[in-house]
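Okay, structure first, notes after.
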Amino acid sequence: MENSILLIDCPDEKGLIFKITGLLYKNHLNIIENSEFVDKNRGWFFMRTQFTGFFPEKPLLEELREILPTGATIKLTQKERKKVVLMVTKEHHCLSDLLVRNYFNDLNMSVEAVISNYMILDKLASKFDIPFYYVSHENRSREDHEKYIHQVLSELDFHYIVLAKYMRILSPDFIAKYPNKIINIHHSFLPAFVGASPYAQAFERGVKIIGATAHFVNEDLDQGPIIAQNVLPVAHSHSAADMALAGKDVEKIVLAKALKLVFEERVFVSGNKTVIFD
Amino acid sequence: MENSILLIDCPDEKGLIFKITGLLYKNHLNIIENSEFVDKNRGWFFMRTQFTGFFPEKPLLEELREILPTGATIKLTQKERKKVVLMVTKEHHCLSDLLVRNYFNDLNMSVEAVISNYMILDKLASKFDIPFYYVSHENRSREDHEKYIHQVLSELDFHYIVLAKYMRILSPDFIAKYPNKIINIHHSFLPAFVGASPYAQAFERGVKIIGATAHFVNEDLDQGPIIAQNVLPVAHSHSAADMALAGKDVEKIVLAKALKLVFEERVFVSGNKTVIFD
Amino acid sequence: MENSILLIDCPDEKGLIFKITGLLYKNHLNIIENSEFVDKNRGWFFMRTQFTGFFPEKPLLEELREILPTGATIKLTQKERKKVVLMVTKEHHCLSDLLVRNYFNDLNMSVEAVISNYMILDKLASKFDIPFYYVSHENRSREDHEKYIHQVLSELDFHYIVLAKYMRILSPDFIAKYPNKIINIHHSFLPAFVGASPYAQAFERGVKIIGATAHFVNEDLDQGPIIAQNVLPVAHSHSAADMALAGKDVEKIVLAKALKLVFEERVFVSGNKTVIFD
Amino acid sequence: MENSILLIDCPDEKGLIFKITGLLYKNHLNIIENSEFVDKNRGWFFMRTQFTGFFPEKPLLEELREILPTGATIKLTQKERKKVVLMVTKEHHCLSDLLVRNYFNDLNMSVEAVISNYMILDKLASKFDIPFYYVSHENRSREDHEKYIHQVLSELDFHYIVLAKYMRILSPDFIAKYPNKIINIHHSFLPAFVGASPYAQAFERGVKIIGATAHFVNEDLDQGPIIAQNVLPVAHSHSAADMALAGKDVEKIVLAKALKLVFEERVFVSGNKTVIFD
């Protein structure tokens, strides 16, 4: 029970921190990191507490439930390794980066499988001994294609699906099955350049800065809660291809940063936004 | 004739740099800074040359015209101080910053006047002895309001109009009178959050980075050629008001940077984009 | 008693958050923002709590003293306007920026006076009706010069001294009189380029990024606790003068940001570092 | 002879661009990208020209030699793939990143071999079928150790040696054999934190931004010409280990960026600095 993490979000009211920390204190648990935030617009309270010490899980959760207002979400977890399935299409840069981090244990994750609608990145996955599932979308309806993906997923054990440059749009039905469990990297500084070919769009618009955005996926294309963003200066001398090339490095770093935050249980989803304690 | 600047843009063809620099060499002029760019999509050549030496202006321009392809734009200028008119509404931060730079000669400009649809910033302009023209928009049609602004402008001598947080939309007719002569600061990282209240929009969307964009104004709202952009990280703990406050610093610095580039004759407008030699 | 701020730092021990928030709860005070940090190396606990509600100050402090371990520092304050004295030499950019922010109430401060060893910026201070004290260092020993500055300071009421490009080194004796009360802006990305002419040093070294650092002043030159830093890319084409010019914008923004943090009581000094809750 | 690159640096004099571009024009070569810079302090001229067209190499070089002042350095090259040897110690992040880029052809290079004083990264190199040479430094003098490294190098064909987190100091003798051919990534924002354990130094100093620097190696430790730098914000809550972890991403991206610039022949070494045409 070393380094447990308690995540609470609930309607705000007076005395919440006092009550929650009191419960931990009474149970002889030692807080080593604590963060709170009140969303005044929503009147909502968020708290993340990292603590050490031994405790019986069920009673603690029950005690918490008693002192917290109705509508509270409580998550009590360990710093456990997160299991992830990566979905990709043709581009390698995010996949490579994540497979390397996985191999060297740099992110608190275990990559369980790679799913792709092309065979292109199969060899890369093999190098790192990660199962690669090829599920072609050719001559298949979206519905059909996703049915096959589901079949693969249903045999896997995972906490998160990471779209590491998966270039097809997932259906609302698919997404609804994994609420706040699908993380995507979009190759633009959202909400600029939603949709396809953002670098071509950025080139056409003549922007001086490009970016990348990691976000949870919900039913609205590129509209899910943003986890992390970063940017890169560009100039008139950059072609759309130059921007795409330079952007790859931002994409892979932003995605990895977002995953680190999520896997360390530092990210709350709050409506269409995130609250992040980093 | 110290530090002259020659700006050329024309259809690209072989030998342009050779011919242009040859003409300068023949006239005993010494290039101290030279930049070229070819826009391959448009097949267009851009060149900025800074040089020293004495020359008779008209013959040099004629010689240049002879060696350049049809359609060439030639501008021969000195590092002269640019005369500007500032237009503002209520917010002071860009105006303050520019008035201070003007007072201490930090930008190669001379502020000729401030025009505003409110009286609020009159006292600030007075502190720096800059004429302040109050042209209220109340009880006036856009057409009428702009007619009065034109009246003021018609008695002023200026190279550029700078919209230093002027919060009204100018009519296409107005804009058409000053092609590539009106520079605006938009308080978002365009093309994200076009239009009104970009910080409120950014807050609603839950972005992790906000920005500001300085651009030439053309008839399409917030769509003109971008000159400079910069960004600032934000977090869930920032309210829309916090973002607006933090954004002000980015806005004033980006606007000043864009003006420096324009006033030093480093910016070409190329379609809806800019080519910048900095 | 709207928006009080409680700052506590003390040796770390189990139950601190519980005890402190319990005291506030018992006194019917409502926490609206709360941040904690434990410096594990030092075994030291830091907490900043913003709360609303009425309370008698002395009893609350006594109750806090009772529940906190020996060695605790407790500061109970309001979101009051901070009084500052600005010290400058010849450069205007930080002074201008702060005088404008002061005039428009953008920073939670009240500039009480400007002290300078040159007359150069007197007119600027006058524009904003701020008393300007000229204390020449010429033909005076450092000791003597500082004696005169002290004379001026002794008649002023202030919380902080801000060295807004004051280019003389203060004696340890002077500094010792104002522990953690003097804030300086250094025109480099410390600890790179300590001491004089950092831009010339940066140019000589051929760095690709320059910066500025706002820090508390202690007896070791440019070694005090860092509050804020920012950077700016540069290129081979920038002269030392270009870097200095571009750097001014970074300097003024970093200084203002640091002051905002300090004036909002978000900065703890912890040994030679800062703990900042922003 | 598609896409040739001509690099010239020489004492500055009037008419250089005219003469050089004239020679290319006379030879029916078409400039597609051209950049010049004059270092006024040194009185030195730099020019990089990318052009298309067929030419006999030796005569062109002779003609160039004739029109350029004494002391000119002329390099005429193709956009050829650069052969590199990577040297590493224990950390994988830069090596992984470069091996992936090499495998997917993202950088214009061919990794010929990896040399290390530990066996740790052997398996990684094997995954990408790159020869790994283990040259232990244990029980060997520096002189001896480098003798063995030389033996390995002498059998390899390469343009550059890249120190991709090679944590031993190379002797001046070793370095002198490869002038401007050894590129190092230093895990700090040089010149801050020269030498060992820069993240520990950064943590101790309490900086708010950390960085990484890619530079050519010369005999002075961490003093060679800087090619690229980048930075990352940090906070009081980051331990030295957190900084080191976050810094790895900056290091690998900065190193790859520097290599891209060097391999595309965009970098001139000018004294202890670089002139970079990007």
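Which chain is which? They are A, B, C and D, in the order written, and residues in each are numbered from 1.
We take it that contacts are C-beta pairs under 8 Å (C-beta built on N, C-alpha and C of every residue); 3 or more make two chains touch, one makes a residue touch a chain.
None of these values were measured; they are calculated from a predicted model.
Enquirer: By label order, what chains touch chain C and chain D together?
Expert: Both-contact set = A, B.
Enquirer: What's the overlap between the neighbours of chain A and those of chain D?
Expert: Touches both chain A and chain D: B, C.
Enquirer: Measuring centre to centre with C-alpha atoms, which chain is farthest from chain B?
Expert: Computed centres place A farthest from chain B.
Enquirer: On a C-alpha centroid basis, what's the spacing between chain B and chain C, in Å?
Expert: Averaging C-alpha atoms per chain gives centres 35 Å apart.
Enquirer: Just the number, please: Cα centre separation of chain A and chain B in whole Å.
Expert: Their C-alpha centroids are separated by 40 Å.
Enquirer: In chain B, what residues contact two or more other chains?
Expert: 40
Enquirer: Within their complex, state which residues of chain B touch chain C.
Expert: Where chain B meets chain C, its residues are 92-93, 96-97, 100, 103-104, 106, 124, 127-128, 245, 248-249, 253, 256-257.
Enquirer: What residues on chain C touch chain D, complex-wise?
Expert: Per the stated touch rule, the residues are 37, 39-40, 189-193, 204-209, 211, 225-231, 235-237, 239, 270, 272-276.
Enquirer: What part of chain D is in contact with chain B in the complex they form?
Expert: Counting only chain D, the residues touching chain B are 14-15, 17-18, 21-22, 24-25, 28, 30-36, 38, 40, 233.
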